[in-house]
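Each of the next two complexes has chain A plus one other chain: chain B in the first, chain C in the second.
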Partner chain A sequence: MNPYVIMILISSLGLGTTLTFASSHWLLAWMGLEINTLAILPLMAQQHHPRAVEATTKYFLTQATAAAMILFASTTNAWIMGQWDINQMSHPITTTLVMTALALKIGLAPMHFWLPEVLQGLELTTGLILSTWQKLAPFALIIQIAPNVNHSLLMTLGLLSTFIGGWGGLNQTQLRKIMAYSSIAHLGWMIIVLQTMPTLTLLALITYIFMTTSTFLMLKLNQTTKITTLSSAWTKTPLAATLLSLTLLSLGGLPPLTGFMPKWLILQELTKQHLPLTATIIAISALLSLYFYLRLCYAMTLTISPSTNNSSAPWRLKNTQSTLLLATSTVLATSLLPLTPTTLAMLL
Partner chain B sequence: MSTAIAIVPLRNLCRVQKFLPLAASPPPWSLPLGRRTIYHGDYRRPGQTRDNRWPWQKINFDFSKGVEGIRKHFGLLKDEFVQRWKGPEGRPLLEIMLEQTRVLWDFRGPGSLENWIVSSDREIGGRSEAYLKLGRNSTTCLLYGTLCSVPPRDGETRYSGYCTMRSSQPKGSFDRKKHYDLSSFNTLHLRVRGDGRPWMINVGAETYFSHQKDDIYSYFLYTRGGPYWQDVKIPFSKFFLSSRGRIQDDQHSLWLDKVNTIGFTLGDKADGPFQLEIDFIGVCNDPAHNEDFAYEVYKRNPNV
Partner chain C sequence: MTYLMSLFLIGLIVGMVAVASNPAPYFAALGLVVSAGVGCGILAGHGGSFLSLILFLIYLGGMLVVFAYSAALAAEPYPEAWGGWSVIVYMLVYMTGVVVAGACMWGGWYEGFWVMESFKEFMVVRGDTSGAAFMYSFGGGMLVISAWVLLLTLFVVLELTRGLSRGTLRAV
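And then the complex of A and B:
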């Protein structure tokens, strides 16, 4: 694509998110969300394939629906309560509606059906932007309205998302769909602790962004979109294959990697809030997700010769992809666990 | 007076049309009313017999059929849940990762022909015939018939003369559409015995928009016609996109993760009998084949 156009689109993406972050009025926040949606659509349809256009259309329809619901809820709130402040939204109907709309925007279950299909139709870079950057603005709003949202709604969204994220990803062979279900599961973890300690939600979101960035960039380095081609990733760059398996285990929440930190702190917080059953259920749902991450690690690292795989070993050509972001995000995705005491001190 | 009108059966009102000068005009509800009626099958092609029955006469209610349907669909649903524990598509992941060939259609036994739909230009009023049966020893399928390229005399069709067989879309429980995930493979492998005619292989992938519903990826199958079997291997990168028979300018490669149907078409404008015997249709992975797409994809707006 023309570099000027790409520059406009990426700066619009940044503008939209920043606008939503900086806003205290619902209309401005909604505008930021709309700018984000519209800016990413040309990036998604860049690949002139019907599946990419299908993904773009599905994304547009869901995001537009969610934006319309947000507008409707904020207007209703303004009518009933007389003010437009985001963190003053306290009417139960409007907060429920806005929470549902934001859940549709980020892909929380049961409003998650669009995410795997949309991610599957996109290239890895655009999928990365969708999974990471596009979650920031809605989360800014979610954290602001969190104290006033119905507790049962948040618990339902969280539990359902962790379970469906684990269950849905179990039998996927396409990596982008696996990342979509991983996203759904992680969002569930973030939502479940939202009302008790919103800083943990932020922590989970930030660690999720590092881990997902690292995974997507590694998959782009290896040019793989399926499990079968992932099995020949070790021939191209053995170190990257090792690091990818570590990143996947971090996504699964295994110590001593970064991904363990948010899960541990969330479970601790839930136990403190006398919700042991919820903690047990999400911990068990995380096992389902761990199963498919382990399966990817198995495909990548434990299927080397002499066992055959049906993808040809790629040429070890000099890679022209810039690996700075990959290196940074991989380090952050695997080695931040020792920072837990500092994080706890900051949280408390 | 009003009661006299009330006891006249409704059907008699239609009979009034017999006395009109346009005696052959169809009842108003069967006229093509718009695009929706064409898409939804109300349009009647020339040569198609008119079905003038009332809707309640078309009902074929059978309690035992209903019970069988419930048993079948709930059984399929239970299988889908159970298969989830085994792996993708009900097979262990190791099998999916290691498989290099897969036979998709294997014509053994009479049940194997149920998934195939045979049609010819008889539907538009032409005179070709096509039939499908099991071949010798029930190990192959034989598509045979006669091609006739005389166009039907409906005033709008200029060309005719085609016969086709197409596999039906795989269905899950409750007739939900399923797709074939052929992303581990890159070549179509057929074993056929033709009659020397040039056939066309059509692969139908899953589409989203209504203007894409006739999108088909095609390639040619040149048969030899001898008594010897012919192994044909066509890479999927060679398939080109066409819609309603017209090759599209904006070409793209076939994405193999959602393939719906495969079909064979004959339309070589040579009147006469034809036959095609198929042993199996499978897919395989050719590691030496590196091509993504065989045709150039022109950038249509180079400044954007």
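And then the complex of A and C:
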């Protein structure tokens, strides 16, 4: 692709999210979301092979549907209540409609079917953009409308997402699909605490972005997209493979790693809100996700022989990928837990 | 006027059902054109003549070309019309849904129910014209952003459809 066109697309990707962040008016927020969707389409179909074009078409259709629903709900709100402000949307029908549309946009559980298939058709870098940057603008809107949304709707979306994220990932052998289901499960954790403590939603989103960035970049470094190639990928860079398994366990939420922090705090918050049953159920659902993360770890690292020999190292070229972002995000994804008080103080 | 409006509203629903029931692209495009045209008629009938004109010119003028081309690309020798079995089931289900929903909301309906309320009488400009003017006078930046989005869309479409041999969506 022409570098000028890439420049236009990437800057529009930034513009869309910024517009949605900056707007207090539904029309402008909708425009930002549409710019975001439009700008990423050519990046998704960059390779022009049928799988990528199929993924692009699916993505376009779902995002266009969601955006049309948002526009419909916001005009209905303007019609009934006479105002366009995002954080003052209070009519139950319109808030429910908008929340459903935004759930479709980010891929929450009953509306999640597009996400694994779209992510599977993309390159790892584009998949990374899709599962991190493209989530920001809808989340800005979700956090603003959250106080007025039906509580049961949010709880249902959250619990369903964690469970379906866990169950869906169990039988997958393709890493990008597993990452999509992991995204769905993490989004469920973010939504469940949305009304009681939005700060924790932000915290979970930020830590998820660190962890998933690290995972995607590490997979790209190893050029692996399925479990079978994963099991021989460690021979290229044994140390990076070890770090990837730590990042995966962090995504699963094991204690000394970053991923434990949001889960811990969310469970604490749910307990404080006298929702012990929800807290127990969502904690159990994390085990489902942990199972497939553990399987990835097993395939990748846990079978490495204690004394690695030279004969298993494959013939390869010198890697030209820049690893600065990978290094930063891996450090953040594995060792942020001791900084929990500081992080909370920064967000609160 | 009431009969005309009722005819338009029925045409809108039937047009939407004709699109949503998954016929061949030819017929779906036809249904979309019917419902869009009828929708413009409804808008004009309820006091939005400017918006109706804009919608008619831009939507039916611009999109019709796209529909024609995409229908030509997706051409099939035996297109499925609304009489086909796979389509007629959808038609019946949607029609039943419309009737049930209509029966549920019958109470809230009266004549002249959605004529534009504000800027109706004693105004030099009508609601729809002044609404468009409001949007671009209070939000002049919106115009710039809209222009940028149109330019971006042009680039996106060119980038997606560029290359003669690389088309994945067309059946040739």
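Methods note: the second predicted complex is superposed on the first by the 331 of 348 C-alpha atoms of A that agree within 3 Å, B and C clash if a C-alpha of one lies under 4 Å from a C-alpha of the other, contacts with A are read in each partner's own complex, and residues count from 1 in each chain.
Here, a residue touches a chain if its C-beta (ideal position, glycine included) is under 8 Å from a C-beta of that chain, and two chains touch if they have at least 3 such contacts.
These figures come from a predicted structure and were not determined experimentally.
Of the two partner chains placed around the shared chain by superposition, chain B is the only one that A:303 touches, whereas chain C remains out of contact. Of the two partner chains placed by the overlay, neither chain B nor chain C lies in contact with A:78.
Contacts of A:38 after superposition on the shared chain: chain C is touched, whereas chain B is not. In the superposition on chain A, contact of A:49 is made with both chain B and chain C. In the superposition on chain A, A:5 makes contact with both chain B and chain C.
Of the two partner chains placed around the shared chain by superposition, neither chain B nor chain C is touched by A:294.
When the shared chain is aligned, chain B comes close enough to touch A:173, but chain C does not. When the two structures are aligned on the shared chain, A:231 is found in touch with chain B, with no touch to chain C. Touch criterion met: A:120 reaches chain B, while chain C stays clear of it. Residues common to the contacts of chain A with chain B and with chain C across the two structures: 1, 5, 48-50, 53-54, 57. Against chain A, the residues of chain B that register as touching in their complex are 84, 87-89, 93, 96-100, 181, 183-184, 207-209, 212, 215, 250, 252-253, 255, 257, 285, 287-288, 290, 297, 300, 303-304. Across the interface of their complex, chain C is touched by residues 1, 5, 8-9, 12, 15, 19, 25, 27-28, 31, 34-35, 38-39, 41-42, 45, 48-50, 53-54, 56-57 of chain A. Those residues of chain C that touch chain A in the complex are listed here as 135, 139, 142, 145-146, 148-149, 152-153, 155-156, 159-160, 163, 166, 168-169. Every residue of chain A that touches chain B in the complex is listed here, in rising order: 1-2, 5, 48-51, 53-54, 57-58, 120, 167, 170-174, 226-228, 231, 295, 299, 303, 307-312.
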